[in-house]
Amino acid sequence: MKDNRYSESDVTTQPVKIAARSVQVYYGDSHAIRDVDIDINDKTVTAFIGPSGCGKSTFLRCINRMNDTIDAARVTGDIRIDGEDIYDKRVDPVQLRAKVGMVFQKPNPFPKSIYDNVAYGPRIHGLARNKSDLDEIVEQALRRGAIWNEVKDRLHSPGTGLSGGQQQRLCIARAVATEPEVLLMDEPCSALDPIATAQVEELIDELRQNYSVVIVTHSMQQAARVSQKTAFFHLGNLVEYGDTDDIFTRPKDPRTESYITGRIG
Amino acid sequence: MKDNRYSESDVTTQPVKIAARSVQVYYGDSHAIRDVDIDINDKTVTAFIGPSGCGKSTFLRCINRMNDTIDAARVTGDIRIDGEDIYDKRVDPVQLRAKVGMVFQKPNPFPKSIYDNVAYGPRIHGLARNKSDLDEIVEQALRRGAIWNEVKDRLHSPGTGLSGGQQQRLCIARAVATEPEVLLMDEPCSALDPIATAQVEELIDELRQNYSVVIVTHSMQQAARVSQKTAFFHLGNLVEYGDTDDIFTRPKDPRTESYITGRIG
Amino acid sequence: MSDIPNPAAPITDPRGASLLVQDGRTKRRNAAEGRFKLYGIVAITIGLLMLLTLLFTIVSRGTGAFQQTFVTLSVPLLEDKLDKNGNRDLEEIKKVSTFGYAPLLKAAFETKVEDTGIETELKSKAMADILSKDAAAQLRDHVLANPELIGSVVEFEFLTNSRVDGYLKGRVTRESIANDKNISAEQLDLVDALVADGSLAKRFNLDFITGADASDARPEAAGMGVAMIGSFAMMLVVLVLALPIGVAASIYLEEFAPKNWITDIIEVNISNLAAVPSIVFGILGLAVFINYMHLPNSAPLVGGLVLTLMTLPTIIISTRASLKSVPPSIRDAALGVGASKMQSVFHHVLPLAAPGILTGTIIGLAQALGETAPLLLIGMVGFIASNPPESIAEGLMSPNSAMPAQIYEWAKRADPAFYERAWGGIIILLVFLISMNAIAVLLRRRFERRW
Amino acid sequence: MLPLVILIAALALGGYFLARGRALASAQGDSRNLHSLPSYYGYNAVMSVAVPALLVLSIWLLVQPMLVQSSVVEMIPAGAVPEGSSVNLLMSDVRRLADGLDAAVSAGVISAEDAADLSAADDLRAWLAEQGVAIGGDISPEVLGAAQAFRDMTARGNFWRNIIVDLIALAGLLIVLRETNAEFRARNRVESGIKALLILAASLAILTTVGIVLSMLFETINFFNLHPWTDFFFGSSWAPNFRGDSDLSILPLLWGTLYISFIALLVAVPIGLFAAIYLSEYAGPKVRATAKPLLEILAGIPTIVYGLFALLTVGPFLVQVFGRGDEGLLGVEWMSGATSVLTAGLVMGIMLIPFVSSLSDDIINAVPQSLRDGSFGLGATHSETIRQVVIPAALPGIVGAVLLAASRAIGETMIVVLGAGAIARISGNPLEAMTTITTRIVSQLTGDSDFASPETLVAFALGLTLFVLTLGLNVLALYIVRKYREQYE
Amino acid sequence: AAARDQVQVAGSSTVLPYASIVAEAFGENFDFPTPVVESGGSSAGLKRFCEGVGENTIDIANASRQIKDAEVAVCAENGVTDIIEVRVGYDGIVFASDIDGNTFEFTPTDWYKALSAKVVVDGEVTTNPYTTWDQVNPAFPAQPIQAFIPGTKHGTREVFEEKVILAGCEETGDLEAFAEAAGGDEKAAEKECISLRTDGKSVDIDGDYTETLARIESNQDGIGVFGLAFYENNTDKLQVATMGGVEPTTESIASGDYPVSRPLFFYVKKAHIGVIPGLKEYAEFFVADEVAGPDGPLAEYGLVSDPELAETQSVVADETVLGNGS
């Protein structure tokens, strides 16, 4: 199963980008995330794996405070990015989210044109000096999202008229366009064919050169291919976290092993 | 790559369930499906594969006339189920869709409770004689959708509060609950972990005993595992169609080969 | 309403059945479908039929108001009546009141009868009575504007009184005037003769659209123009205040407000304000804007403020409903790329909610445009025949009425000629309303989309 | 004043570009190094320049006339006020005269110095009349002196006002420019400003409520001092009377209000809802684009038209059906007059159709297509989909629309006056005439009887009670909606 | 606030037509702007009148009844002490029915018997048993009783009760019977007389005469109470009934032959005279002979002019205020 195509030279030597301590998440009464501690490195791809419903998305959404938007959700504990507590009162969630981009599990393009979907982030962050700059950014993002060829002739038709996989790539392009420092991707390749998947994986590897990427995936192969670190969640607990190699070849926890070998889900 | 776990005894001997001839689909001016001819057998799992945006979902939606709901979409050609032209004036799309169930690419649970989501189909089709009958049907469907254990304690909380993968399985359960003769599944396992995937695949194989199943998938492995027939789409064309074994091991068309070996997408 | 098929009904297994023939259950469901759709068609048809009936009533009763009967007369501007001293001093000419002009009109009729050889038994006073009371005022204005004309004979086109006008429009007949002391059969004979002579005829009356109100004694001279300006000024105030305030309040409540009891209080309050009878807003307006803030009586500004308060709940409720219907995933998507809450609302949610907001605005404005009761208390209902204002500020501050108030007033007056004008006024009001709606509808269509 | 406002606007505009430029400069011309978009720095400057300055200006505008007035009033000797008049009235002459002098000066008829030196001896009234300024009476020297003082003080006040407000605007500009740099959180500042505005807008509802309650409370208390509250709340008849000693009970009116509103909703809700469903789900774009605005016209027809329609068309028709005995359509004799609860309710229902239909249509239209697809995919018919998926998803909005319609029904006057008759009684028969609270408010308030009598004051008590009552209904509605709200997606 | 230029009038809707005719002519013949005359009812007008002195209060209140003591007190409390009362003429009140229906010659007794809640039949006080007019008076046709009378908020109602119902009650002798039953309490007996039946035979109209007319149009059996001016403008739809044998005309009312009429007033704030341009001129113009006299436009429109007009003119000219012995 080991198929890590890319160098993993300096993973462990990377500084910690995101540090979470005893994070708990509740949806109303139900306890979705239990006491998670994790350090996520900079310039590293970290994969979250685990059975469906175990809390991967929930934890991911804690990192850029998207859970703030769910009334029922309540987060406790301590999450630091670059040493700063992101749940501190002084932290502006907006600034945080500009820094920590996100691709959602269900593709959610704006009901606007493809171009405007991608240009939205750069516009509100003032990343483009002028129209041609913006065109450039949009094209670049769409290329990185591996969708440029399919949409270049219909940039101004609505993003909601795309196929499922295309929408997913559009959302990736949209997230990449704002150049976040951390990119959270919730199953970014679930609707993609192998080629597109490979292109997105390439993108992830490229992003790793400068940023920290966290990816949720159900594909063990993908986790093995793209990530240097892997975290395994089960029933809201972070069961095991370590180098991807180790997790897949020498899991310490029996639950991890069961999952990887396909016995629990 | 060959990993077909289930018997494929009598695939070719099965009668034709769905016969499509020179089907064309247009979205406004763009030609999304070009001249597709295909015979889909009864009691068989047929996989549609192909790069993202090639028209798999579009063609799938032709089979139960879901494209009727998109204003811009226009379908020509001839599709017969059990020899009856489903685009015939006399055909009631409602009756057709009861016979040809569908699981959508993006999970779309109703804003109702989990129970009501599943009970919806049986209710409108009058499949239950009384409340306990209905309870039985709902439980059965949720079990087959491999989600019973996770939701049995919260049947009356909203279906929209589930995780991505749970929603997907809920939608599968919902589709199965109405006992369709043909089941169209658009990437039913995209958000599922391997165990859940295996359970769904098992369901599919079980369904095959009586029904015809068409499944869109991006996972070549999955196609190989569950299907007896495979159709490969590319840029709106049905490039190749045949026994799954043949497609994966002896593709006739160079495009199919490129796709399977990961060269075009 | 629920027709979820009865679970006790026999279960039909459609398996293997032909698609070309509908099974019993499908037939039943399709029948239900057909019925359901029919209900929709019936509902719309009822609505449109009612609209049609109302419009037909309005138009058939109101179009008459746009025409008026005029008589052409040559009036000798007698010097001994208008300028006894003959020095053409304007101040002295002004001293002659409209009552002093009556002899000129009588004289004009005498000449007319002589010149055309019409035979009539009538005294000259009775002949002049077929004219509108407005004629003397018209004459006086003309003389004051052109004092040099005194002594000459000038041709005028005068309004006839409302009975003569009604006679030409068929409302007044020789039978119906049996007990009427305002007009006699002989006078109608004279009218017939004048019609034959071509000097008395019905024509389009622009003054109805542009003019000011007239007193009860001269319905034929009353117009809608000034009230129209009053309504326009009020709508301006309502639009400028109610739309932004309403949308702002809704955004706060729906998107930003913490879910606590204060928000609940505000929310309940707003729905409650929608149920407050409009006259109560008049009480409020009188107390706050006139007695406390000392804004002038009868001013469209005050009317606009009162109507703003009255319209706000409608706009807020509809805006909130449409904001609520924008799915959360859109907000998530925007927040996910680092948009602020404010940006996500203004860039994505608001445009998607725009159709509903516009609908609320249309309905709210329509309601405000047709409202009379609150205006009663702030002095905008009654006899207000001001001149058309010269500037926007004057239009807001100087006394004025409003279209519905004018219509309401007319509908109450005794002379049946006012009744026709009330319906005519409703036509103008509706044209006003429809043009206002048309703009909003066009805007709404631009924003509409389904995803 | 206008130049002042223009100056503030100019400063604000200048501030916009200066702050924006400064921010960009501090970020070495690269907007990416800024905390916020450059325009936010601009807006922040506009806000900081204009808001305090305009605030001070408006306070000044409110306070200055009061101060000038009171000091001028002090100048007028008590003897100068004619008997029976008040200083207040004299002041209006003073103001009128001052305005007249202003007008004369600005027309160039007289120089500013001369205006200040005019004496009462000249025939000022006639002279002013020539300038087009009408003065009520002859001008006394006191009034003239006061008018001149008035002008003088006003001019001085305006002078200082201009200076101070300008300084504040300028100070705002300087402060904002000083704090503008790449790290400055301009967007947050601007958004807090906007949020403050939003909160202000929302609190207007509270203010209105307070205003309504206050403007009715005292008169209501007066009423209860004159009339026993037990009769008002628990009596059974409504029979106002000139000589006093009237029966003034709200119960029959309340009954009529609720009954008529109920019938109106019985008409409007199904028709409106079905129309909305048809328009958003079945109708083609063309039908929808025409039918919807057409229906909206129904909301704009003045209610007096509906009233006449009820009285002259619908009422007689109903009598034809229910009340003509053997000559009638049903051969029954249940209805005696054209006015009845049913007449008013039916017509009011028609008026309310667009309140339900248009708003619901927008909301139904906003339900995501994927939900419909999900239902169609299961073999549901269109109507099943609508009933069981679309409507529940749109329910919160639809409830809002229905509540709005209900509110309108309760608050409507004209249709009831003409359509429902004016008889206050409690009866279950919809073919009988009844009346409502709102019509009684209007008629008690506009009538002939003594305004200090309970017969008139009862209008305020009725208004307040209705207010409290609907408040209760709304609390209940909120509770129910909360309970059944379903969030989709 | 800028100084106000025009006279502001509010109040009775009965006086409104006359006031608007005067205001219009005033605007035409004087250099003052046309006064603003609002309607809204005597009570509402007086309420605003009594709110205080100053430019943001009205100058004149029209009323279809005399100001009440309680109102004068409130006025005084708010500083409105000097009020000039001007009686402009009389409003004739007539009874009319559909033009195509039966003709009636009423007496107050007929109305009393038709509308009172309780009547004396055969010496016994009973609930009003009459349902058709011929039961009330055999001379009448067998037409169902259906009366549209002014609501209790209208001054006209008071006049109707006083001069028709109560008069009828006295004529029939029922008043005495009621007094007897009430143990000699005159007040209670009067109240008994004028409390009208509530079974729908008598309908209170709170709106205007147009509403009464509309109701008669939709119910041909109806008989309504109107102002004389209103009737005179609608002779094609209505036929008037005589009362006590007298036909209502401006002459018969002015002479006092026709019994049912009421005076109309307006009240001027003396403090505003000399301050509001044109106020006194308007008041004088209103009662001038050429306007309010028997040949003036007001009478032509239906106002019954005051036989004592000269006295009224001097009240205005001298600015005689209420309570000063006039």
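To keep things simple, chains are lettered A, B, C, D and E as they appear, and every chain counts its residues starting from 1.
By our rule, a residue touches a chain if its C-beta (ideal position, glycine included) is under 8 Å from a C-beta of that chain, and two chains touch if they have at least 3 such contacts.
In this text, all values refer to a predicted model and were calculated from it rather than measured experimentally.
When the partners of chain C are compared with those of chain E, the chains appearing in both lists are D.
Centrality by Cα centroid goes to chain D.
With respect to chain D, maximal separation of chain centres occurs for B (centres as means of Cα atoms). Note on chain placement: the centre of chain A and the centre of chain C lie 60 Å apart, centres being C-alpha means.
Separating the centre of chain A from that of chain D, both taken as means of CA atoms, is a distance of 49 Å.
Between the CA-based centres of chain A and chain E the separation comes to 83 Å, rounded to the whole angstrom. We define each chain's centre as the mean of its Cα atoms; on that basis chain B and chain D are separated by 56 Å.
Residue positions of chain B touching 2 or more other chains: 94-96, 98-99, 106, 124-125. Across the assembly, chain C contributes 4, 29-30, 33, 328-329, 340, 352, 376-377, 411, 451 as residues in contact with two or more other chains. Annotation for chain D: residues 187, 308, 369, 381, 384, 388, 442, 445-446, 487-489 touch two or more other chains. The list of touching chain pairs reads A-B, A-C, A-D, B-C, B-D, C-D, C-E, D-E. On the side of chain B, the complex with chain C involves touching residues 81-82, 84, 86, 88, 90-92, 94-96, 98-99, 123-131, 133-134, 181. Chain contact summary for the complex, chain C toward chain B: residues 4-9, 11-12, 14-16, 18-23, 25-26, 29-30, 33.
Partner chain D is touched in their complex by these residues of chain A: 92, 94-95, 124-127, 129. Chain D makes touch with chain E in their complex at residues 82, 84-86, 88-90, 92-93, 95-96, 99, 134-137, 239-243, 245-246, 308, 311-312, 315-316, 336-339, 417-418, 421-423, 425, 432-433, 439, 442-453, 455-456. Residues of chain D that touch chain A in their complex: 31-32, 34-38, 185, 187-188.
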